[in-house]
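Order of writing sets the chain letters: A, B, C, D and E. Residues in each chain are counted from 1.
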Amino acid sequence: MDLIEMRDVKKHFPIYSGILPKVVGHIKAVDGISLSIEQNEVLGLIGESGCGKTTLGKVALRLLDPSEGSIFFEGIDIAKKKHDDLLSFKKKTQIIFQDAHSSLDPRSSIGLSVEEPLRTHKMFQDRAKRKERVVELLEEVGLESEHYDRYPHEFSGGQKQRICIARALALDPKFVVADEPVSSLDVSVRAQILNLLKDLQAKYHLSILYISHDISGVKYISNRVAIMYLGKIVELADQNEIFKNPCHPYTKVLLSSVPVPDPETREEVKLLKGEVPSPIDPPKACRFHPRCDCCTPECKEREPELRRIKKGHFVRCLSFKDLG
Amino acid sequence: MRMKKYILKRLLWIVPLIFLVQTLLFLLLTVIPGDIAVLIATPNAPPETIEALREELGLERPLIVQYIDYVTSVFRGDLGKSFIFRLPVSEILVGRLINSLELVTVGMMIAVVAGIPLGVIAAIKRDSLYDRFICTGVLFGISVPLFFIELMTILIFGLYLGWFPVSQRGGPIWTVEGLRHIILPALCLASICLAMIVRLTRSSMLDVLSEDYILTARSKGLKERVVIVTHALKNALIPVVTVIGLQYGFLFGNTVVTEVIFDWPGIGRLTYESIIMRDFPLIRGAVLCIALVFIVINLLVDLIYLRLDPRIEYD
Amino acid sequence: MKKRRETTIQLLACSVAVLIVVSGCIGQEEEKTTEPTITAAPEGPVSGGAYIEAMADDVQFLDPTRTSTRASIYVTRTIYDSLVVYGDDMSIQPSLAESWTVSDDGLQYVFNLRKDAKFHCGEPFTSEAVKYTIDKIMDPDEHSPIAYLYQEIENVEIPDDYTVVINMKAPNALLLENIAHYNFGLIVCPKCSEQYGEDFGVTAACGTGPFKFESRVPGSKLTVVRNEEYTWGPSCRSNTGPPYLDSITWRIIPEEATRLIELEAGNIDLARDISPESLAELVEAKGVNPLLYKPLNNWWYCFRIKDGSERSPLTADINVRKAVDYAIDKEGIIKSFMPGAILADSWLHPSVWGYDAKIKDYVRSYDPEKAKEVLEEAGWTDTNGDGTRDKDGRELILKCMTLPTTTWQNICTKTQYDLSQVGIGMDIEVYDSASFFSLATKGNWDIYLMNYRFSNADILYYQFHSSQAPAPNRIPWEDEETDRILAITRSSTDSQERLDSYFWVQKMAVENCLTANLFYEKGIYGVSDNLHIPSVHDSEELDSYIGIWKEPSTSHTIVLSACLAGICFILGANLMGCSVLDLLSRFK
Amino acid sequence: MDEKPLLEVKNLSVNFYIRHGVVNAVTDASFKIRKNEILGLVGESGCGKSVTALSILRLLLEPPAKIMGGRILYKGEDLLEKTEKEIREIRGKEISMIFQNPLSSLNPVLTIGFQVSEPIILHQNLKNDEEVKRRTVEILRQMGIPEAEKRLKEYPHAFSGGMRQRTMIAMALSCNPSLLIADEPTTSLDVTIQLQILKLMRNLRRDVGSSILLITHDFGVAAQLCDTIAVMYAGETVEYGSAVDVLKDPKHPYTKCLLRSIPRIDVDIERLEPIKGSVPNAMNLPDGCRFHPRCPYMIEDTCEKIKPEARQLTEGRLVRCHLYGR
Amino acid sequence: MQKREILDFFTKNRSMSVGISILLIYLIAAIFAPLLSPHDPYEQNLDVRLSGPSREYPFGTDQFGRCVFSRILYGARISITIGIAAVLFGLIIGSGLGIIAGYRGGLTDLVLMRLMDVLMSIPALILALAVVAALGRSIPNMILAIGINALPLFARLSRSSVLSIRTMEYIEASEAIGTNSFNIIRYHVFKNCFSPLLIFSTLHTASAILMAAALSFLGLGVPPPTAEWGLMTAEARVYLRQAPYLVIFPSMVILVLVLGFNLIGDRLRDMLDPKLRF
């Protein structure tokens, strides 16, 4: 049974202007996404900046209220619920941000920050037991117990990200959204954090939504991969399937334009024409048609859906038949 | 054009603001003990005379009636007659407002003309002797009480050296007589905001000099002077212009002490005297004038800011 | 090419600045040359010269029937004339009324008017104007602040153009004095008053006085010019013809220090309202000297006897009042804060009719020991040892009210110190004048400092007659015997009887210690040397400026400061020009 | 093959004197760029690669920064000895530079046309405004900016990240410099736009004939673009060689570990091998070989004590490590 | 850990220690005024009236012959209390309103901020004038008058710092954990917007003291014979030429105290929040 399933979720940010502020347009950040993540699975979400991947992550955790659509977590639709009855959902889900420095309160010690989830959900009665649990978590992510009273500005970037991970694991959640966890770290430290995430996922059977624009990192850590373009998922498949034979034209260009650290493989790569269109009024029908070089007149009228072309491989492009 | 809508939006806000300022003022005025009738009648006058005088000035009417007339009359554009001078308030205010604006503008000009170059140089020669000297000077500048500077200026320039007159207004500033009279009070006003402008220009200049595009400009091989003036100065002056505007509004409201000491017939002194004399129409008119000038200046500052900084839209 | 354009604009800015400065200086020159060139010190009065005077408070407006503030009085006395005026010896002298007769029952006054007087607007001065003025003051709809002075008048008849008959409801010996006193008797021109209505005295004023109203900037300046046809000046004055001065300008300078500096700088000829503290300064300064005059101004502390609306006064107990009177060091105040003042022994100023030297032996002099004895006897002892006396639980701390002017605060602080020496505490509360008088009427205080200028003994009626409670009789003293005697002072026609009754009232006030009279103030003017004032007598100070004349003033060193101002202006314009240019060229 | 290199940096060392102490940002950086060649200066953040680039054009602010030693030979002359005026002649004309963050490298309050035309006016003293405008539009169009003519009047905030980087490159190349220093030009760009910029820079060598010093932390970018690569760690160049040698057959332990610790798209890696510890603090660098605390091949009591020299293994191949002989 | 770091910052930082030592001197003077002052500040002695600075009277005597030096010592108590009390009044009420407006947003924010605009548009001195005239002259009324002026400034500052904190990710992280908004304010928002408020209060104490002096100067300050610097300057105005030192000494004392506060405020700003500009 899927842990979390999103059906046709939409999130539009209104734009206000004029003397009496009235809505003149919408930024269609997430424009109809249906996605499901099973237990103990890492789903990679790749997309260029401005495609709405972070918004999707936040909507999944109800940090942002979806404009439309429903989100089923363990069978219960939490799209429309109010704050108080979301507590049990929030206990089972967590988020890790990109910039570890700004996601830790500079004025409170890291012990307190990691302890906050325990305090909010009143996990243990007295402070001693809570502190013991925090020290256990810190050691889990590779820090020592005497770091408990230190302040965030005394740690390196990598260590701060470890603290955020420890905080995320405090309530041993089922579902974690990792929004670009490593892209602000040094190259050598990046590997340490990726490995840590991989080990913790295996140990606690977490399901992780790993959001990133660094494609090689996603390839390393995720089981299934989804490619997002202008608020819609254009391709979804298992990790080795999608890297072996990408079908959607955008996925092809995207994967081929990643520079490979091997000087011999320098074949000419097709360049994408033009710029990413603005999400306020995206192109009609297939959103990629202005930049797609195998674009047919039909692509300009009909909106393609996400079709199943093979077991577990879905593509949103008219030139692929639906194999049922 | 977007700007017009923005200006309209800001101007629309003035109506409720005037209404609120009026109400606050009316509340304050009703609470203040004593009234003008007691002052006009000689201390020996019996209570009946005072009652008669209050009758004439309309102070006997029930509070609600007074309040409604008081508020609506502004929107009818008639500010009523001053209790003391029996002249229409608008006539008195116009002259005094211009005097105050003149004094504050000259003061501000001196502060700006002296402040900005000092601030820029202090930023360029950072941590040099010059910079430290300017910083300590600025610290003293903002710490010294205004009335002390004024008394000392009167003592030194007015009395011992006798260079400039210390009281009254000698006419518009384009005549020598007018200029002689305005120099001392304007210098005192300039001294307090000069320090503020120097400090702000220096810190905003330091910010801009640490930006990337300054490095780009230098990498093009431009002379340091050109980099400072074309690239750095314009960016640095944007926040400075805003604060100068706010400073002008702040100064305009606080010229009471200066005008009392230098006997400058400005609106600050008029407000002070009319509060002492409990001349309600005059108080209301003067405070409204100052509030309006304050609002208009804030609007001008925002417009200049939007005009200078292309990044910001009118929303 | 950009560089060249900049420099040309800067040059332009400089030349414009220089031009203005030069024109300013030239403008300066012309003014001086119109002065008469004779420089020898003339003996007799010389006509001509613009006389400038500085005052602290502003003039309200110039309609004598509707205003009575002190500053307005100075100006209205120059624009209007009254029927009778005070002579130098405070006797009633003819002015617009050549002669007058009073009926023996004191109920009818007949005035015979001069025939040669004319109003500024050209209207001849007739009795009709007198009737119009008095009726206007008494008319209840006009709400005139001085209506109470003419309460006893029944009506005014004008049998012909130059005789006026005033019938009284009840005899009031003080009618003539009220008319002569200050601005109460000034006659307005009926035609102009009707024509301007509300604005009469505000935008225009028309009377028979030696000067005509010319211009006014509220809050800063007021100017009157000489009335050429004026020949009907009161006979008791030294000059009855047109005044010597071309014009009089009153400048409003609230800050005393600034008034002094303007006086020394020669920008003004006379500075009024100089506080005694600056007397020493005036003496040293060159080119100016102080002119002391006796303004019939009495300072006193008024005690509260009856309960106010919220507070029962400590001074209800007569012993406390006596102790306070003993404890105040009046000489000390005079020596340090009121140089030239004379010690007050009772209510009336020695040169006011009704003063009697016999009162001296009832007056209490400065005797702190006696004050302590009085308090001990009355049971006020310092039980809790905090330095102030108390009695059955109530601390003897007097609540004193005063005005914010420096002299008032100095006197109160000195008294506070004196009283603390005998164990009486005093809290000083400062109120500005508007709230001071209305709070005084409410009565929630023990003692308040007061000074009032009056020219006749009728002040006693207002202070002690029960009908005058709650104001100006703020003690309030309600006693039939006093009321009866006070009625006699007004009604009886026999002057000796009035003298005895005045004396009785003063003795009563001193015995009951209703007030602690301090001193009679010596008024101070700062006067520049080239100004000549014939006489300053008690009631009208500068007697409508007819006799004042001014020597031709020597030019002051204004050339130096003109150049300095010019240089600053050029520098400023230049700096302004290039910095504005700098900013503009960058913003294109 | 070995005619004089266009630019040669020998044993450059730069310190920063700040309130808390002395930061030795660059201790011993040496590499050379031949004409028409692209050198990649690769290293993690904080290894001093940007400081090296800035010190070539002497763009470091003197009060905090101070060039302690070493020589920077450009066409035979040492740039460190040149006077302020001479250096200004070179900046923008001979050597020009583009920076990492396009958002903040363009002056937000000046128009694009003005900023691009500044070096042209300064260095190419063309006769009148018309000629300058034509040259500006031409260089912008050459860099692939559509309707360049219309865009002169616009302000930087109206451009996207990619367009702004193209403007920066146009600005840098407007006077046909012989060396372009690119400090992490594509780090803040999306993958597809990064590819466009890399393609543009590769064509530069062909169209403009200028050699490029590319500073980056991404081995992929270096592999795709550079002829030779120099790896820097903690202020020193630890390895130098042709791209193929350094990437295919890395000699220095740091380069080896680094290549093994980055995820690859073309190879399925079972488990990344991260380098233990973290980048050393430039205030107190470890003595001996800077990498010894994190080096898996550390030789007892030689690597900690003795500071290795840069040895030449073969022609054009240097490495700074005790493993390769005395 | 953080305490130690701030401490060594003090020692290294010269101007901060100057500022603090000035403040300490004034506090000592205020507390131990009775011991330090050579004469009783209220004891009048008319024979030595208006005499210049001498051994016996370090700062000379005023018009009542009172020792100016001891009056300045006693005056320290009043001026410092007025300054600090007015700022506390503004800080507590102003920032309270500001935080609520900042965090709540929407209508409450609009209403509160517009009210603050009204207070801002009436010039500071005129507002103080009206308040003192209405409630009478006393120290609490002066504190109220100056406090009301500080209200909008504190409200705006705290609102803007709350708005900037709200966008930080650690607030979003707490919301993700599920902490309700009250706890978020208590744990995170308040602690983080404390430093800009601390900086602004030190700087505003300086201007509060100047305002108090200006009020007394206009005759709206404390009643006589209280020893307060502003009142002393106001009273001495008349003797400007005879005894200029009567004006110079109190004003100098005000200048040095305000300088102390400004020094501390500037260094605090550089130390705690370098990005804060106003």
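Following the convention adopted for this analysis, a residue touches a chain if its C-beta (ideal position, glycine included) is under 8 Å from a C-beta of that chain, and two chains touch if they have at least 3 such contacts.
Treat the numbers as computed from the prediction; the structure is a model and nothing was measured.
Visitor: By Cα centroids, which chain is closest to the centre of the whole protein?
Guide: That would be B.
Visitor: Which pairing of chains accounts for the highest number of C-beta contacts?
Guide: Summing C-beta contacts for every pairing gives the maximum at B-C.
Visitor: So how far apart, in whole Å, are subunit A and subunit B when each is placed at the average of its C-alpha atoms?
Guide: The computed centroid separation for subunit A versus subunit B comes out at 54 Å.
Visitor: Rounded to a whole Å, what is the gap between the Cα centroids of subunit B and subunit E?
Guide: So the centre of subunit B lies 22 Å away from the centre of subunit E.
Visitor: Residues touching two or more other chains, restricted to subunit E: which are they?
Guide: 133, 136, 237, 240-241, in rising order.
Visitor: Residues of subunit C that touch two or more other chains: which are they?
Guide: Within subunit C, residues 255, 257, 431-432, 435 contact more than one other chain.
Visitor: What residues on subunit C touch subunit E, complex-wise?
Guide: For subunit C paired with subunit E, touching residues are 255-257, 260, 275, 277-278, 280-281, 332, 335-337, 404, 406, 409-410, 412-414, 416-417, 420, 427-432, 435.
Visitor: Quick check: in the complex, which residue numbers of subunit C touch subunit B?
Guide: 20-21, 24-25, 27-28, 58, 60-61, 67-69, 140, 143-148, 198-199, 201-203, 217-220, 251-255, 257-259, 261-262, 264-265, 267, 431-439, 441, 450, 452, 454, 459, 462, 468, 470-472, 557, 560-562, 564-566, 568-569, 572, 575-576, 579, 582-583, 586-587
Visitor: Please output the residues of subunit D touching subunit B within their complex, sorted ascending.
Guide: 54, 57, 59, 63, 88-93, 96-97, 99, 101, 104-110, 118-119, 122-123, 155, 157, 168, 171-172
Visitor: Spell out the residues on subunit E that touch subunit C in their complex, using ranges where they run on.
Guide: Result: residues 42-44, 46, 49, 63-64, 133, 136-137, 219-220, 223-225, 235, 237-242 of subunit E touch subunit C.
Visitor: Under the definition above, what is the set of subunit D residues touching subunit A in their complex?
Guide: Subunit D reaches subunit A through residues 44-46, 160, 162-163, 190-192, 194-196, 198-199, 217-225, 243-244, 247-248, 257-259, 261-266, 268-269, 271-275, 278-279, 294.
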